[in-house]
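Heads up, the next two complexes both have chain A, just with different partners, chain B and then chain C.
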Partner chain A sequence: MKVLLNGEWIQLPEHIINVSDVLKHYDIHQRHVVVEINGEILTKLEHQNTRLADKDRIEIVHFVGGG
Partner chain B sequence: MNNRYSRQELFLPIGKDGQERISNKHVLIIGAGALGSGCAEALVRAGIGQLTIVDRDYVEWSNLQRQQLYSEDDAKNRIPKAIAAKNRLLAINSSVVIEAIIADASVVELEDWVKKVDLIIDATDNFETRMILNDVSQKYSVPWIYGACVGSYGISYTIIPEKTPCLSCLVETVPLGGLTCDTAGIISPAVNMVVSYQISEALKILVGDLDSLRNKLVSFDLWKNQYSAIQVDKLKKEDCPSCGNERTYPYLSFENQTKTVVLCGRDSVQIRPSLPTIRDLEALEKVFAKQEGTVLRNPFLISYNVEPHRLVVFKDGRVLVHGTKDISEAKALYHRYLG
Partner chain C sequence: MLKIGSLSFQSRLLLGTGKYPSFEIQKEAVEVSEAQILTFAVRRMNIFESSQPNFLEQLDTNKYTLLPNTAGAKTAAEAVRIAKLAKASGLCDMIKVEVIGCDKTLLPDPIETLKATEELVKEGFIVLPYTSDDVVLARKLQEAGCHAVMPGASPIGSGQGIINPLNLSFIIEQAVVPVIVDAGIGSPADAALAMELGADGVLLNTAVSAAHDPVKMAKAMKLAIEAGRLGYEAGRIEKKRYATASSPKEGMSIG
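Then we have the complex of A and B:
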C-alpha cells in the first residue's frame, strides 16, 4: 500500500499490516515515538492493533536526546 | 539610549510593550552546548533582562563546528562552557545580567534555580536531566521548552504546566539508548532549526502571547526533507505521576538519580560525588604531578592525562573520565586516582 508518511508518499512492503510493523520497518520500534494516523493520535497500546490502509496519512515523531 | 531593539519593536506582536516585558524576564538555560549556545545568544541579543546558564562541561575542539559562542582559545584552554559563554554573551550585550554556573543540573540545584525564573529552556543532552527538569517545572509551575537534535533530525515541544501534557505523559519512561551525537553526529543546521523553534516559543511566552504558541510536537529531518507536527493534547494523562491529579514527582526522589552518566557525543563518563564537595584543585595538582602523566590546571578544573584516559576534575567534585564508555572502568579510575 501507499501511504503519506511525514509528508512523503511511500510504498510500503507487503508484510506491513499495522502501525507497529511500520515502526519495526524503520527500526524505531524500540524508541519512544508518537504516531498520528489521519489526524488521530494513537496511544502506545493502539500501535499493535491499528491496521493501516492505502492512502493513510501517517505522522511519526521519535524522541531524541542530543543537544 | 540607542535603538538596538528597534527592529524587534517594529514587529507588531512584540512592539514596545513586549520589548519592555522581555527586558524584565529571567530565563534559565540548562546546558551550554549547541542548543544552549544558540538559545543564549538569541535571548541576549533580544534583550532578555537576566539569563542563568548552567553547564557541567568545558570547551573542546569537537564543539567548535556547531557551538556558536566558543572560539579556539576556549578549546585550547579548556574553559568551562558556562564561563566561555558568559564572556561572549557579555561582549554581545553588556546590559544583560548573566549568571554562569559550572555544575550538573540535578534535583537540589534545579529546585533552587527554578524559583527565580520565568521560563526554562532545555539544552541538555540527556533524558535523565530532562525528566528532573520536567518534574521541577510542574512542581513550581514554570514552563519549559524541550529541544533536542541528532544528525539532521530535530524535535521540540513547549510544556506549559496546567495546560499541556508534560514530558512524562509523552514518553512515560526515560528513553534509553537510541542515537546520540556520538553515533550519528550532528550538523549545525539541525541545531539552528531547533533553536529557532525554541526561541520563537520563548519570545511568545516572555511577551505573554500564549495564544500564539505552536501547541504541537514538532519534528523535522533537514537531510531527508521531512517535517511533522502533531497535536498531542490527547496524550495528557490524568494519572501522570508528574502532572496528573495525584503527583509524586518521581524524578525528584533520591533513588531515581544516577550518580554516573555516559555523556552524549563523547567517549566519556561523568561521576559525581553523592554529597556536595569542593575540591582543592591546587592540592590535587601536586598529587597528580607526582604520578606519571601530564597535568593542566586552570581556575575551574584540573585535567590529568594518563594514556589512554584523561580525568578532568571540577571544583564542585565532579569528574569526567575520558577514553571510556564503561561505567565500572570509569569508577575504577576515579577511585584509583581520587580515592
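Then we have the complex of A and C:
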C-alpha cells in the first residue's frame, strides 16, 4: 500500500499491516514517538491493533529541543 | 516551593532545551541549573534518518517534568492538536500554550492563546500559557482556569530583559496562580529582577544555550533566581532621595 508518511508518499512493503509494523520497519519502535493516522491521535496501546489502509495519512512526531 | 496544579518543585528555574552547541554541554547545563522542568517542542520525526540522537532519550525522564510547548501553532486548533500529540506520548500532562501571532516579533496571539487555554483546561491538561505582559489578558487566562501564567519579559530570544516591569508587577499582584516570566531574559540580573518583582519562576532558554559558556550561565541563572527570590521574601528597603548614614553619628574620636 501507498501511504503519506510525514508528508512523503511511500510504498510500504507487503508485510506491513499495523502501525506497530511501520515503527519496527523504520526501527523506531523503542523510541518515544506519537502516531497520528488521518488526524486521529493514537495511544501507544493502539499501535498494535490499528490497521493501515491505502492512502492513509500518517504523522510520526517526537520531542525535540525547544523553549 | 513552586506549585503548579498538583505538582510541586524545589527549583524555580524552568529551562528550555533548544539550540545548545552539543548534547554534552546541554546535559551539563541542565544538571548544574538544577531545573526540574524542561521544555520541549513537538516535531515530525525524521524517520528516514532515525539514528540521529535525541536529547530527551538521553535524559532520565523520571528525574524531570516535561513541559512540551505548542510552538509552531498559529491558531488555537493547531495548539490543541500539538498538546494532544504531546500528551499521547504518555510522558507528560503539562502543556505550554504558545500561539504566535506575529512572525517578526514572535509575540503571542492573545485571542487564540485564550481559546486554546480554555479548550485544554476542559481536556484536563495542566495549562501554562505563554502570554504578552497584558494585565487584563493574564486575568482572563486565570479565569479560564490556567495553572500558571507566563508573561514574556521581552520578545523570545531577544535577550532584552524586562522591558515593562510595571505591567509585570501588576500581573503578579493580581495573580491567583503562579506567574512564570517566560522569554526575553538575557542576563542573571534580568532573572533576579523578575524574582525580586515577585515572580514565582523564570523560564529561559537562549540566555543559557547561546551564552559563551552555557554551563557557567546555567549556574549563574540558578543562583540569580535563588537570590532574587530570597530578596523578594526578605523585603527590600524603600528608595530614598538622600543618604542615610549607616554608621552612628555619636562617639566620634576626632574633633
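Convention: the second predicted complex is superposed on the first by the 62 of 67 C-alpha atoms of A that agree within 3 Å, B and C clash if a C-alpha of one lies under 4 Å from a C-alpha of the other, contacts with A are read in each partner's own complex, and residues count from 1 in each chain.
Note that in this section contacts are C-beta pairs under 8 Å (C-beta built on N, C-alpha and C of every residue); 3 or more make two chains touch, one makes a residue touch a chain.
Bear in mind that the values here come from a model prediction, so they are computed numbers and not experimental data.
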Which of chain B and chain C A:G67 touches, first, second, both or neither: both
Touching partner for A:E36 - first (chain B), second (chain C), both, neither: both
Which superposed partner A:Y26 touches (first chain B, second chain C, both, neither): second
Touched partner set for A:K44, first chain B, second chain C, both or neither: both
Partner chain in contact with A:I17 - chain B first, chain C second, else both or neither: neither
On chain A, positions contacted by chain B and by chain C: 6-7, 31-32, 34, 36, 41, 43-44, 59-67
Chain A residues within the chain B interface of the complex: 6-8, 30-32, 34, 36, 41, 43-44, 59-67
Residues of chain B that touch chain A when the two form their complex: 31, 33-36, 122-127, 130, 147-150, 153-155, 170-172, 175, 177-181, 186, 194, 217-219, 225-232, 234-235, 264-265
Of all residues in chain C, those that touch chain A in their complex: 16-20, 26, 39-45, 47-48, 50, 54-57, 66, 68-69, 71, 81, 84-86, 88-91, 156-157, 183, 203-206
Chain A - residues contacting chain C, complex: 5-7, 26-28, 31-34, 36, 41-44, 59-67
